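Shared chain: subunit A. Partners: subunit B in the first complex, subunit C in the second.
Right after this comes the complex of A and B.
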């Protein structure tokens, strides 16, 4: 039934309670107005080349409803999680249903977004969505800001080291339900933390997640972050992340894209302090008609900083990936080391990988490289494994696991990895 | 019980390479095949394993009575055939240990897994025999290995998989004398009355270390001469021309 009347997320104004701080309500309202005024990026928009913003079906989705007691219970039962963790948050439809922060050292702020609005206004005002969103999803980010109410705010004070990971689960349930998960991680000097966001569908229904994760690393601090997207097959997912690495800070981020019909990640690393480092890693295993759209930006604003990006996609069926990455080295950012590699393993003749690598260098004494490769499994590799008696399907799986292995090894956080690798293996079996 | 190759013809598009090859290897025997470049030595090893670049146009290969030509590459291996590759491939990201475990697991009934403790015990013992550092268990298969390390790794696989019939395709190529001795020691340790070997080589040198029972000369896709281990010495000394002359004389 064609109609010009906006529906769903295009028309449903966000509801803010009266207890929300005034500054936030103002920003939220402004964002709603901005969302409504901004056009949807068109096919000719450089940031959407080979992709299509209409794949995020705004009109068909509405903010997720508060979960029923049964849904919350089912989500908690399905949240397997890590045995060893510093904290865990479980959200269902942007509603906090469980939080456990018993493993955190003293002094750490690790609260739900809703709680942070009450108790840590100053920190939020300083850090909340301060990025410039340069990769094409300004409209969607505005929608996120307009609706955001769930997520986690983690502030680690100077010199505090959190050994075990903070785990966050965002479940979406209900047909056409949209969630807006938010993650903010701020580390003081020489602090250390690792955080994992999981995005999942409780039932096999489509849903939409428009998530934002902002990571701000103070001097000499270390942040490890993983976003593991395993939404249902016909869901849509958008993940916008920004990394700000201060002097000698090291931030490692890992995108694991396993679910959703359409998933898009935009990852920006700003190296703002001397000696900063950002490792940007990603693994995806699209099958069937899945589309994985990846946009990255490495901005070197200070000398002696390093950014190293490695994205690997193993494609099956008629799936498609788009990787568009840009390195910008500012004037004065001398002695930059910036690398960008995207590798695609095509396990089917119908799969398609598009790569758009880019470099913009305005400084001297820099080491930069970018490159992308796409190709099928080499016949001789396969022959070698089969000649040892390993059946075709197992041989291919070994090769794909091997193909992904260096990304996984570089992430290096063993507790988090064990579960991620298990999830990747499950997906691999499905891919066959 | 034997590996029987009967009137084997094989080709790549437009060119026949094996032209009616006959050879029978009984368990316990070590056969060597020598021959000039382009005679079909490496083709024979690949055809036996089922490499898809080659088409078998006629003939049979029976492994203990079972025709393996209809089998897939992996089935042939599980049936007991092993090829030590001339140029072993690199498999990035797959550790040697995982690779060997997968190969051994493929030989077990479905659902069963190998005993990890026993596996590593055996693996380490075999690696010690081949003077391979333990770090090779976690390194990616052949990746960054030297030529000699790759060949040792082939023999390690032979030792772990314990095939009925093993083909060594120019295992000596690119090896210095020390590596050659180590590799040969590994092969000799695997010689048994239950196992047959086919050693393909370009040089007689290898046969000082792996002593064959029977030596064949392969020329133009056929076995044209068969003799004892002294034949290898004669070939090394005199080359292949005399074999050709004998063939021509016989044909005349």
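Right after this comes the complex of A and C.
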């Protein structure tokens, strides 16, 4: 039967050039074997409850082709980034087409993944994909590791503070093209950095991004990270992030889901040092038939650490969201503060919000809470605005904007805030 | 002692006096078995036929049992989400039916001496005199005693055990039996459907409001035994009834299995309150399926307290089928070392303007583990549904565990749901404050814990809430200091 023959990403083996370091080729080949042997998560898999792993259509996609000169030019023209930035990388179909690191302080390593494989092998060996990926996408992570060749590696030495964000664009071009972007951020003691990843489509049908971000915060350091997914409406997106916060480190991670027919994010925060802090934030604005699938895990492995999660979804049309979050407080992680909040604003009668907020507490002297709400805009709020002469449609837009902006503000960069609010506005117009 | 699956002659034994039996807690005592009917160990087609023969089941029930056995055997253990402790249940090491072959008695004087003493000791006859409208007392597989006050019976209220209900009132029984909880709902509902025996059948005619609670008491006396009672309660239009169940078992060397199925049907405007105080000994696997259907303007309330058992898995549910129907679960769980209370609630909204409320409080002591699992489902094209879920957990010791796994699914923009959970400790300040006023540390802890659940304890009938506080104090003993 021809239909039984694996096609696309199921069968196309990754090609590694001979200049790739041997250890990496070995890991990559092992990952390819693992990908092929692992079964696709089934419907009974708790990590895929209310969702479906088949929404990521592996058989229909192939690794993206090297872009043509025109495609690269078009992508660069469409890249409207931050004015105030420390560095910028633009990738098209996993190929680096522009990099500008002129705003970086001395001593900072900020290179493409390909470059890092040559120049910073030790750091990669130490930090690259060391997380255990416990949220159900082991098979997809193996595929990522098998194919990964693009992305950014940022290593900030001790006490170095980078004020402005590092901005990275990943464009996907062409029919059914798949990209595998990787971001690795490592901070030394008391260093500070802020990184924004953008995932976007230029042209072509479908499109798939299977991205992974590893964020490793050293003692007393600060990392702010945002993944803004604005792929085309018929694309599929998977973003896996694993965060490690060391002693007194503070890591803020932010998921923005605006594009793709199906987008799934898995975010794991490991609080491994005393006094560590992790803020996990997300906004999504699904419309039409879009599905947003969010899985989170806050793991408290050390005492006196704090984690705070706030996910907000504003749903329109026939869209669906799934939020599944878990806080695990390990034995001995006393004096933990862990919070988890998911709020769903349902703006149509066909939208569906599923929430699975979970807690597993094995320690003492813990302050833990989770909250989840799902509901429409309150009549009182609309009345209040109407009483001030604001028409209904505008009131609704303002309320939704305020609802989402509340999260974005916590990200703490005003230019990022303005840009994102503008993008949300554009999408809100489409939603109505 | 392992007995073959053939019919045993009743064994005459001298009933020892209660004062001769050493006990550590209220329910921890046992009398020698004198079972006339014993289905033997393990569960096969033969076991099913044995039970059906002994009980004189009609053919449709026998067939129902056989089908259920197949479903039970086919269904895997739900360990992909539930605790691995389920794998320790050895289905071949249980006996599925034990009885002395006697009909339930209407008077305590006729009840066999040891059974009577059992229930005397548990205070059942005394409670019946004081405040109950009817009592059924089940001993292993069958009811030993069943009585309903004449005044209540005259109103047309039916309160019998499930076997009697099935034989005497087939037209009502058949209509609802297995309809709220289908056989295939889960592995344990299938097991119950295959071997069920005992439990209550209650029918309250339209407009009748039963003033006093009806009570059932479940007692396991035999070792390596599984109790599978089946309760069906139907409150007809505008009727109201409160049902209470209690349960105990002695602590044997080996595990005991209790797997009940409880179905409630509240017709238009009816109200059913179902109160459980579960105090099984700490080696009982208590795997129970409970669900009610609430028709238009009807209300189903589950008031549930779990103190005993090794592992309890119980998620009382309400399907709100008619407009403005209301469902509620009030739940208290206490998990001590060696215990896992995996409890929760399922609220399925299936009509407009239905409302549900879940309030769950758990206390983990020592190495105990309390889990809340919830489901709230509000499907498409409904209007004005509301759910409120609150679950609070209190951890007493450094090794105490608690988990919360709710699932909330909402479609459409005309509903409101909110879920909140918190985990906390009794603060050192609080204890200090109380000790400073002359209480011992244990008293201070007990007072704080009682304060934590006080607003829920009030939901239980008076006699139960006093008992509940006492049980909680008993469990808390030695947990501090």
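Everything below uses one rule, namely that the second predicted complex is superposed on the first by the 429 of 432 C-alpha atoms of A that agree within 3 Å, B and C clash if a C-alpha of one lies under 4 Å from a C-alpha of the other, contacts with A are read in each partner's own complex, and residues count from 1 in each chain.
By definition in this document, contacts are C-beta pairs under 8 Å (C-beta built on N, C-alpha and C of every residue); 3 or more make two chains touch, one makes a residue touch a chain.
Note that the coordinates shown come from a computational prediction; the quantities given were computed from them, not determined experimentally.
**Q** Which partner does A:406 reach: the first (subunit B), the second (subunit C), both, or neither?
**A** first
**Q** After superposition on the shared chain, which partner residues are touched by A:381: those of subunit B (first), subunit C (second), both, or neither?
**A** Only subunit B; A:381 stays clear of subunit C.
**Q** Between subunit B (first) and subunit C (second), which, if any, makes contact with A:241: first, second, both or neither?
**A** The answer is neither, since A:241 touches no partner chain.
**Q** Could you look at A:350 and tell me whether it touches subunit B, subunit C, both or neither (first, second, both, neither)?
**A** second
**Q** With both structures fitted on chain A, tell me whether subunit B or subunit C touches more of subunit A's residues.
**A** The partner making contact with more of subunit A's residues is C.
**Q** Between subunit B and subunit C, whom does A:331 touch in the aligned arrangement: first, second, both, or neither?
**A** second
**Q** Mind working out whether A:390 is in touch with subunit B, subunit C, both or neither, as first, second, both or neither?
**A** In the superposition, A:390 contacts subunit B only.
**Q** Mind working out whether A:359 is in touch with subunit B, subunit C, both or neither, as first, second, both or neither?
**A** second
**Q** Classify the contacts of A:398 with the two partner chains as first (subunit B alone), second (subunit C alone), both, or neither.
**A** After superposition on chain A, A:398 lies in contact with subunit B alone.
**Q** Which part of subunit C faces subunit A closely enough to touch in the complex?
**A** 80-81, 380-381, 393, 395, 397-425
**Q** For subunit B, which residues are in contact with subunit A within the complex?
**A** Residue positions touching the partner: 49, 51-52, 72-74, 77-78, 83, 85, 88-94, 98-99, 102-103, 106-107, 140-141, 157, 161.
**Q** If we count contacts the way the header does, which residues on subunit A are in touch with subunit C in the complex?
**A** Listed in rising order, the residues of subunit A that touch subunit C are 44-46, 49-50, 331, 334, 344, 346-376.
**Q** With touch defined as at the start, can you tell me which subunit A residues reach subunit B in the complex?
**A** 378-381, 383-392, 394-395, 398-399, 401-406
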